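Shared chain: subunit A. Partners: subunit B in the first complex, subunit C in the second.
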Partner chain A sequence: MKTGYLGVDTGSISTKGVIIDDENNIIANEYLWTEGNPVNAVKSVLRAIEKQSGDIAVASVGTTGSARKLIGAMLEADVVKNEITAHAVGTLVVFPDVRTILEIGGQDSKIILIDNGIVVDYAMNTLCAAGTGSFLSSQAKRLGIDVEDFGNIALTSNNPTKIAARCTVFAESDLVHKAQIGHKREDIIAGLCLAVVNNYLNNVGKGKAIKPPIVFQGGVSKNSGVVRAFEQVIGEEILVDKNSHLMGAYGAAILAKNNKKGRVFGFDVAKMEFVTKGYECKKCPNNCEIICFYKNNILIDSWGNRCMNGSVAEIMSVKSQ
Partner chain B sequence: MKKIISFPHIGNYHIPIEILLKLIFKDSVIMPAPKTTKRTLELGSRYSPDFVCVPFKYNLGNYIEALENGANVLIQAGGGCRYGYYAEIQELILRDLGYEFKFVKLIGHDLHPLNMFRVCKSIGTNISFFRFLYYLLLVIKMVGFIDRTEAYIRENIGFEVMENSFDKLHAEFFGKLRDISNFTSLAHVTKEYEKAFRKIKIDKPENCLKVGVVGELYTAMEPFSNYFLERELAKNKVQVSRFITVTFLFFQKPRDIKKILKSAGKYLKYTIGADGTDSVERSKTLAELGYDGIIHVKPFGCMPEVNAMPMLNNIGRDYKIPVLYFSFDSQTSETGVKTRLEAFYDMLEMRRKSREDITKFENRVSWS
Partner chain C sequence: MTIGLPRALLYYRYGVIWEAFFKIIGCKTITSPETNKQILNDGIRFSIDECCLPSKIYMGHVYYLIGKCDYILIPRIASCKKRNDVCVKLNAMYDIVKNTFGDISILDYNVDNHNGLNERRAFINMGRALGCSYAKALSAYKNAKKADKLLYEKKVENQNRLLENNDKLKILIVSHSYNCHDKFLGYPISDYIKKLNCVSVFADAADREKSVVMSRKISDSLYWIYNKESIGSIKVLEDKVNGIILLTAFPCGPDSLVNELIMRKVRDIPVINIILDELQGEAGIQTRIESFLDVIKDRARL
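So, the complex of A and B:
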């Protein structure tokens, strides 16, 4: 029986799970939509990778992504890490010489600068979703095409349309306008890819020295149109790994491997019942929204509190009275 | 009608201000605004211009909550940037809301002791100028000690052996300060607590990670407005240093303003307004002192700090020290702040480890 390490990356749009072995090879992986229900998405991921991995003992678990805390509590994870660190760690294993990591996910985008295998700087989009995956998928919907075909259609264009993409909402009106005055569909699609790239570089990449080798990852890296647009604008080769969409989960798995606490993880978590209940703590005018997390009807964790009044211990003592 | 005097919050300074006002206005009620909470910010944002910086909103929220509790004299002090103009607008907004109150503005040069005495007289006190000056100096000295103590707490709270030992003593210390009315008792308390804080057991390695906080004064000094950033950092066993305090702003800065500009070296030729100059100078100094990282905080739209950012970028590049920028507003996402802080800490630790590995390797090479 082989030993494996599980990494789960639960993002806003998609949920990724990866099992690696001691040599950092990916044994099993799954990628599916979160659809606003991270707990269920993770359960499906677990079922899928359990089938793929066969006879394996998972020694430790790492979680990352925006639902890292929730999923960390659910899986009793050994490491719960932010996306930036997880992506950097994962990428450094695949591309040890990488200097710049561009990452565009569903609702956030980041840039990570690396020098000699060490993260030296990073930035994350702060204000809006322009220049992220959800921008592309909402525009694809408007044009009536699948976001998966986006890249290939974009590649057929030689004359990308200029789209005002400073803001997702206004980009949509500009896109409609360009379509109505007769721009070709593939040109508009290529223009959107270019808009995402320019937005990313002006927003997240502002003031950062982008040095090769450059690795591009996150869900949007699967879009060949965006990859080409990056290459055109930056003027350097952009590396995209075949597992680029899994890199966060891969990083979490590697972090789990390095932090194992000697506990065996059971896939039966997928069969358990997890419920979250939210309530507003009325003990002071802060009105913190506290989330209580139950496993098989037992409170296992809570968060959202700003002070001791809303801590797990306090909630438990109230509940038991 | 009895006077109920109130004022907005910034960090723990409501305690010495309350002490001072109680000493001066023996016949009035001194009531600091209710503690800043989410409601404060919601109230403040509702009645503030949308694009005004967030300290304005916090202040306004504090005033509204104070007025709701019956305050009828409000004090605003400050200056330096747009802040100096806020009192005027805040008064207008509050009057439009229908509140009746006396608004006392101490802006810039109004903070001269003679003028302050005149203002106090007009609010209603019969103490002599000599007494007034005595109390003022007493509280200034007290603030100096509070600032020194809190600097020590910031740098060490992450390493406390027993949880909450600093917080407990901190609260006890403020309780003791409330009884002080002369220099002798202040000296006693100073002596007692100087020792007591240093007696708290800490487990602090000599080469712990060190992070400096620079930036705009309100967001740096009011933990609620920066999502308790210093505390979050300290939890990861980081020494957090911050130079902006009331003592610095009122006493050190006016005295050393030329020195500060000179010390900023090639990064600044002219002052860039409000605290921007200090942010640049301090970041350079922190980098030279071997700090591991700098966190720059500002309210969204803060011009002086926006001015400082290109220089901070250059300092980061020249000294190879990471700088993390935060812009706070009423709409800031707490998760976003936490994710960035976490990543910042991870990055500092990774850098530190690799540097140690290199030194170890070099040592081995030189030995063999």
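So, the complex of A and C:
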């Protein structure tokens, strides 16, 4: 029986899971939509990769992505890491020489600068999610096409329409206007890709020295239109790994491998019942919204509390009275 | 007589002086509690949308004190020393409160050094308005200043001791005191830094006089006194800390300019800009801080 390490990246739009072996090879992987239910998404991911991996003992688990805490509690993860670190760790294994990582996900976009294998600087979009994956999927829906086809349609355009992408709301009205005055659909789609790139470079990438080799990842890296737009604007080759959408999960798996605590992970988690219940703590004027996380009806974790009044121990002692 | 002190904005700078002054002249004081969700919601209710978050919080604290004291203290501080201005928001609070809540009793004092109104005069006038003699008000002011100086020196000394310790990574939080020490706004951030086994040190606990002098190394034309102190602290402490967090509350006018200035001029040490607003979820901030500390840890290993 081989030993494997599981990494799970639960993002706002998609959930990714990979199992790697001792040589960092991906043995099993799955990518699916989170659909607003991270726990169920992870269960589906687990079922799929269990089938793919066959006879394997998972020795440790790492979680990342915006639901890393929830999923970390669910899988009793050995490592719970933020997306920046997980992406950098994963990418450095595949591209040891990488200097710049561009990443556009569902809600977040980031740039990570690396020098001699060490993260030296990074930036992340601040309060606004303009120009990220969720924007592209909503615009694809508006234009009546699958987001998966977006890139190939964009590549057929020779004359991208100029679209303002500083703000999603403005971009959308610009887009409607351009369609109404007769711009071709492929030109508008290519224009959107270009707008996403310009928006990214002007916000997240502002003032950062983008040096090759440049790796592009996150869900949007699967969009060949955006890749081409990046190459045109930056003027350098953009590397996209075939597993670029899995890089966060891959990084989490590598972190798990490096932090194994000597136990065996059971895939039966996928059959257990996990429930989250929210309630408003009334013990002080903060009225924190506390999330309690139950496994088979047993409280295993809680968060959202600003003071000890809402800690797990406190909630349990109240429940047992 | 009871004077109400809103625990917001300048309280974090002058609270000690206020409490000591009123105690010496024989007035009781009541301070509003640490900011909580109720206070924040009240503050939002009584503010216009475009106001900055700390001033909204201030309104919540004022609302809390209404009916619990005889006067609420709201100073107007326009400038300290020549060419050292204070954000207009801070000297507008008196009028904003007056126009919002109408007939509440406000105690005020005006400091505008640039135009000849110094703090000592202001406190003496305030003391006399409360019915004590010139001499009593003057000695109360002097003693209050002394108490404040003592406490402040202790704070600087404690922080300097923290800075000597090299076991843990030290993060300098550059922020207005009313942001970084507010239980609801900034405190969760320094608490999270502590949970990640790092130490946070604060711009407002660096030597003020030294900071103001050193701020010229970053800019010699800046005129907001509180921002001068905070950017100067970067120059005073940059050799002793591993990273800098610029903590700003949305939408702070002075900070939006000054943070940009810092990002451009401070190049040798990692800097991150974190903007707090009333809707911010915890997860986003934690991701940013955790990854920032990871980067610094990596650099420390170089």
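Heads up, the rule we're going with is that the second predicted complex is superposed on the first by the 321 of 321 C-alpha atoms of A that agree within 3 Å, B and C clash if a C-alpha of one lies under 4 Å from a C-alpha of the other, contacts with A are read in each partner's own complex, and residues count from 1 in each chain.
Just so we're on the same page, contacts are C-beta pairs under 8 Å (C-beta built on N, C-alpha and C of every residue); 3 or more make two chains touch, one makes a residue touch a chain.
Note that the coordinates shown come from a computational prediction; the quantities given were computed from them, not determined experimentally.
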| item | value |
| --- | --- |
| Clash or fit (per the criteria above) of subunit B with subunit C on subunit A | clash |
| Which of subunit B and subunit C A:Met124 touches, first, second, both or neither | both |
| Which of subunit B and subunit C A:Ile181 touches, first, second, both or neither | neither |
| Touched partner set for A:Ser66, first subunit B, second subunit C, both or neither | both |
| Which superposed partner A:Glu83 touches (first subunit B, second subunit C, both, neither) | both |
| Contacts of A:Val264 with subunit B and subunit C, given as first, second, both or neither | neither |
| Touched partner set for A:Ala313, first subunit B, second subunit C, both or neither | neither |
| Common interface positions of subunit A, toward subunit B and toward subunit C | 66, 81-85, 118-122, 124, 126, 207, 284-288, 306 |
| Partner subunit B, residues of subunit A touching it in the complex | 66, 81-85, 116-122, 124, 126, 207, 284-288, 306 |
| Complex contact set, residues of subunit B against subunit A | 34-35, 37-40, 228, 313, 316, 320, 322, 327, 335-336, 339-340, 342-343, 346-347, 350-351, 354 |
| Subunit C contact footprint on subunit A (complex, rising order) | 66, 69, 81-85, 118-122, 124, 126-127, 207, 284-288, 304, 306 |
| Of all residues in subunit C, those that touch subunit A in their complex | 33, 36-39, 184, 188, 250, 263-264, 270, 273, 275, 277, 280, 282-283, 286-288, 290-291, 294-295, 298-299, 301-302 |
